[in-house]
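The chains carry the letters A, B, C and D, assigned in the order they are written, with residues numbered from 1 in each.
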């Protein structure tokens, strides 16, 4: 089989660079082009598998979109959807890493191009695999939602969560989740030895894609999501408090059964740590029954690498499905 | 006025060293002795105010307990209460930084010495100042409870928290909270670029002192406490989800009114960050109303330095009260 | 005595904020104004002594220069000298933290204002105290040069360094030395778990002020200076290889004698570490005789906080001298 | 070809775990056993390639030494050589990661077992490949020496270094180089935001293997080696000052020519950074001509991952040669 040409739009950000590395190391694909308007002409060194690769950036307008079988758009929220339209018009498939095509559209009011459908598959294969393989365009989930939905889904589908519950999520992310653009609050001197919440009060733009997905899974409870900024490069840990409809004897069994055949979900008795998941395309989850409370309550913990299973790795997973390849091809387990 | 002699038992741990620094810099006190059995004979360099001080460690048995007006015990949980008895017998006052004399006794079953009362004041002056000044012995609160109780108390006292609520706390602490004894999981290589929960399921030994204090404040709700280990030296951030009995128009006003006259509580619109509080004897708190949920819900954030307001600073605050000094003497605001 | 009004130009950078904190906590001075053109109208929270202070930034043009007895200029290299002229014209004294008035002028070719002398005292009091107190303008040394010159000076003055030697300095600095302006290479994700040299080959703009100072001290050897970027917020450690004219029995004695009466130099047998000096206005130095080499050789180690003894603290030390105050007033030892 | 069985003695340290991961991911080998006396019975999770592997530890005495074709000894210095003898007696080959069999024997005075030769190949293939493939036992170089020797060798071999020079090396290592045993000075709280030298004065036990190797390469100059401890997990950067016999027009050309055919040496114009080399079996080197000095002088920079090219990766490289495999098999480039 000849190698499949793949393009990356917006390749100079952290997710874009991770995509370039994964494609460069992919056994059945190769990188046809990588674009970055502000860094055009520059070369970025990326890791892919156990090697490093030098990636040359061209401008978006220079990209030969039609030469690629599939294009990843890692362009900023709001700006991505227009390029999704151009890629489709050029005859290539597209995985959109922005929130532009996710449920709620990340709050974007940018008009959809005519050739972009209003509803596209939400590419979280472990929960919603159906339809991904057949669609020319897939919306890649947000990093926080990936960790939270994978942990919650088995309990929601089984109707175990109290319908009038408030499910509260305290999540913490490494700074690479905030992007590679220089901002004062992301300087080393501001982040080291520090920790803080942000976007507090349930106002994060990732909320709609989570509530929509939970409704699809049958959940009618409220979700409260509070993100925090960690002094680490990579990784998200979501700590989830779940009031249950009734006591649950063995929550770990629910997780184990749900994900017995999913190669990218690790169900572990040990509480997941960021060090377990960085540079890997996995969600690591664990469940603990809460003691000393009257309401039956569950604690769920989910850890991911925000740039891999939370972005570029999951995008490749979706691309593998869309291209008819093995879902795990080229992905670090 | 002549300077007051102070002793420190267990001075080689992080809280003990912080105590030595605070006392060395205290305008009305001086360090009479500092003990550390395993490090006896060694000298520790500590920060106090804007200077550094060399502190010489003697064995516990060598300490001239009766020469001190007040002794801090920073001995390990379980081992401390016996020395509290000896200090009292020698005629000095004592602030116990261990959990041995807090509500629930930190789970300790070590018998109380005859001269140690079963109930001693819980030294969180902002909430329970009464009785501290008159008592010869005070139990210094835990670091996590200090942050959580200061944030919750005004709402509990005002009856604003739903009585059947589950109040869920996700708290994160720097590694100095785990002590200065070498353990493999506290090595730099294990902690850097990592983050994880521990003691999950509401089983932390700090829980009884929190639930007891909340009952004293009039709360009958359940508390769920989930601690995490941060890759930082110092600091605790507690993120608290509070289901309310009824919608609350201005939660910040509740905090501001409660703490208008407390020099060591900072009520801020900005979400508190660890960098705001390290090396200072303050709790920094903020409140946010949760959007997009049916149950009226509040988010509280509280940040402290676990070694200062969470341990040594608060102990000095209690000592100041017990010695008839200004409560703020010698304390970094 | 009434409090002395002090101004700070360029107060939003790391050195500028440190200056504001030091002046806010200074027992005989107060902050008359703080300027920051790009951040004008904003409020910065700074540490000063054991308190925090909110500092309001005005534009440079709004600054009432003549209201201050002394103004610190923490403006960027090249832009500072013009404001030095304006401050002098307004009748205030000035400490310039830029390299504009240091020997070699940091390579600047910006013309000197008419009222600014071409040669001003180089404000490293421990080496060149003479003339500082009398001058209306003083050039505050660079951070790297402060650490290196204090360590080398006693050996240079005593003629102990081989005249045809190559003295090689490997120095490492925390990122706050690179300033508070957002640059991609200073983002947390780029700096954490990383270490690298920069400006290699003896081309750093701090070189002329070092070679000039060494000549004044009587040194004719060559200096090679290689800076590195550390994944820490603050601190510089300089490791200096010094070929000697002849074997030296007790290099520590040379240091101890030279600095016996200097409150801001700590001569220690233990190798200095960054943790010993951060947030303090000291240079900590140590000397070790090199084994197993034919040429008699010395190793010198010097640690400072780049923002305190390497910038703002030393600037206050100079200001104290210029204002007739005690040299140590308001400075954390 | 059937898979080759490999054993690891001392597998619970950082180098031992890295070895287990590399062997688990090696295309032509598998892990026959892994030993750790104090952690026997425990399971360690290690990374290997893009997967994680659970490694079960048995006691040293339980190891079926004769079942392995080759055994790595990652036992502590002093304790290793006895086990080298046992492995050879059992008929397996052995790569010793300790300093016990390196030139100078790391200062060890432990007697050699009868069946262990006094001189074994020093396994730095890029410099001394000859004899490795044929020897039943190879001494794996130290981490610091690997970085320093690879950088210096081309210049030494070409006679470019001044014979009476003092070559001064300031090297900095991540804490994993100090091992996985809990020590107070390696706790996160002691290392974060800190930096210091150690073992100063040219007394490091790695010195003899460096001076011996330099003599073999034809160098007669003196070497001064000063190690430092970095607040990072992994990586070594060596900064080397080299007085030359004569000016050298193009030092990079010397490096490029020397290593044109070495897959594990990267010669780069950009100064090497730790982030370029972590988790990879490479030495990344660069050379810069020093300006503004009278003696012609070169600066060399070399970066490695201390656990990969500085330990486990290089050990696998040696094992590949000893087993007749491709030298790069199973190694992350």
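By definition in this document, a contact is a pair of C-beta atoms (placed from the backbone, for glycine too) under 8 Å apart; a residue touches a chain by one contact, two chains touch by 3 or more.
Fair warning: this is a prediction, and the values are worked out from it, not measured in the lab.
Listed by label, the chains that touch chain A and also chain B are C, D.
Interface comparison, C-D against B-C: more C-beta pairs in contact at C-D. Taking each chain's centre as the average of its CA atoms, chain B and chain C sit 38 Å apart. With centres defined as mean CA coordinates, chain C is found 46 Å away from chain A.
One simple way to say how far apart two chains are is to compare their mean CA positions; for chain C and chain D this gives 39 Å. Shared interface positions of chain C, i.e. residues touching 2 or more other chains, are given as 174, 190, 192-193, 231-234.
Those residues of chain D lying in contact with chain B across their complex are 14, 174-176, 180-184, 186-193, 231-234. Listed in rising order, the residues of chain D touching chain A in the complex are 45, 49-52, 192-193, 276, 279-280, 331-333.
Of all residues in chain C, those touching chain D in their complex are 164, 166, 168, 170, 172, 174, 190, 192-198, 200-203, 207, 211, 222-224, 226, 228, 230-235, 237, 239, 241, 243, 271-275, 278, 288-295, 297, 299, 301, 303.
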